[in-house]
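Remarks on the structure that follows.
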Amino acid sequence: MTAVELQAFLLRDFPQVAGDFRIERSDATGLCLRLQVAERHLRPGGTVSGPAMFGLVDVAMYLAILARIGPVALAVTTNCSVDFMRKPQAGRDLLAEARILKLGRSLAVGDVLVFSEGGADPVARAGLTYAIPPKLDVAR
Amino acid sequence: MTAVELQAFLLRDFPQVAGDFRIERSDATGLCLRLQVAERHLRPGGTVSGPAMFGLVDVAMYLAILARIGPVALAVTTNCSVDFMRKPQAGRDLLAEARILKLGRSLAVGDVLVFSEGGADPVARAGLTYAIPPKLDVAR
Amino acid sequence: MTAVELQAFLLRDFPQVAGDFRIERSDATGLCLRLQVAERHLRPGGTVSGPAMFGLVDVAMYLAILARIGPVALAVTTNCSVDFMRKPQAGRDLLAEARILKLGRSLAVGDVLVFSEGGADPVARAGLTYAIPPKLDVAR
Amino acid sequence: MTAVELQAFLLRDFPQVAGDFRIERSDATGLCLRLQVAERHLRPGGTVSGPAMFGLVDVAMYLAILARIGPVALAVTTNCSVDFMRKPQAGRDLLAEARILKLGRSLAVGDVLVFSEGGADPVARAGLTYAIPPKLDVAR
């Protein structure tokens, strides 16, 4: 799936969150997803909340998998280990760089680095595992 | 801090999310936090979203730490490893059982089990580490 | 499988490490495995090495799974997240308390607490996921 | 510290394991550590054991930190989350590519990819956190 197809998929299948995210890039090296930071993602002090960052890495990995195997709405996260390393910069979007490390028949594994836009040092990293359902429901 | 004090702290310092949560119990064995599941926590199909579950375990551990060391608004999550094991039951609140395993000077470590209310099998488990700031800001 | 059967399985299938471990208990609540700490498990200063602790939690979970599903030599660890919380006490064995949280068709998830013998506070905790091969090779 | 200094440090402070490892590269991008696979690292079937892989990622991250901050023998692993993705190739050494993502005053965070020598796909990945003692013991 291309970036345009992924964005359309997100809008159709996850309308509640689709407006938060924009796919910046999707190619052989992985996928870059932008969290368009808004008031609802913030904690007191203006920092992006943990759940908002979790949502970002989770959706980034999900879309990186779909980019490779097609629209499988039923792939589910089984494990996510996140390190929160730095406070995101106030007033900046977040960019998540996701890459697939393994794409097996039943499990996909990858990792994600999150940056404040324009920042050189990652604010968070995550390793994620997705279970892929045995029958791919591609005929949606 | 007692359950009542913790609830008041949550309301004052995290007004955006305080309404989602209710402290069911806080004692020497740990803390039980309820996520009052609402439309905004759901994904298509009626299951609770990953970020909502992440928020639940994160807040449960945070409050379990505060119950022990007092209102330290600046404790921050440094690591969270979550296993998503079962789909939460539709139309049920989630209950998170948090316990502290280590409360050091600079790091606190604990784990959390999440259940659908009335369910015997956990839907998720998480291990979390919090960094505790060197100077405790207790004079709030 | 009972504790005696598990010990025999370990000796037959993992002769290199079987001598390190003794199954203290195996019942419906989980499994307790002892690491009989010897010189080869130590780091300078007399503390148990990280790999030795990793081996302990990994074998404890593996045996806890086998206790439930029988001798499946091919179950493999897919994820392990360990928190090292305290230095083990010198000259003491380590005891690992493993419990199964989910036993699905293809994945098993559990966690482990590790204690120095006689100590009240855990020295480490771990969450582990095992992939269970689709065909159980029970006819060994 | 250079690769040569790190190898000398390993030999002096960790003589039990120094012979297992060879530092292949240490530069601004990170560190590459070789596990010289021997009989004692293997499980039945000829695959490298989980504890041996854990030891490899743990030592690789430790040395990557020392390369940046000097010989601090007291830095300790606080968290390690490993994904085991593929079976290592029989009869091949393992190469661990470690990079530092955060080097704070009290915590260092990084990740490691492990490859069978000559293999393109990673056999394992890990995220690790090290606690750095408040006073750096550099006058060794």
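Note that the chains are named A, B, C and D in the order they appear, and that numbering of residues resets to 1 at the start of each chain.
Here is the rule we use: a residue touches a chain if its C-beta (ideal position, glycine included) is under 8 Å from a C-beta of that chain, and two chains touch if they have at least 3 such contacts.
Keep in mind that what you see is a predicted model, and the values were worked out from it rather than measured.
> Does C-D or B-D have more contacting C-beta pairs?
More C-beta contacts join the chains of C-D.
> Report the chain whose mean Cα position is at the greatest distance from that of chain A.
C
> Counting in whole Å, what is the centre-to-centre distance of chain A and chain D, each centre being its mean C-alpha position?
28
> Please work out the Cα centroid separation of chain B and chain D, and write it as a whole number of Å.
33
> On a C-alpha centroid basis, what's the spacing between chain C and chain D, in Å?
Spacing between the chain centres: roughly 23 Å.
> Find every residue in chain D that makes contact with two or more other chains and list them.
78-79, 81, 83, 85, 129, in rising order.
> If you connect every pair of chains that touch, what shape comes out? Choose line, ring, star, complete or other.
Here the contact pattern is complete, since every chain touches every other one.
> Quick check: in the complex, which residue numbers of chain D touch chain C?
So the residues of chain D touching chain C come out as 13-14, 16, 40, 43-44, 49-52, 54-55, 58, 76-85.
> In their complex, what parts of chain B are in touch with chain C?
Touch list, chain B to chain C: 81, 83, 85-86, 101-102, 109, 111, 113, 121-122, 125, 127, 129.
> Residues of chain A touching chain C in their complex?
78-79, 81, 106-107, 129, 131
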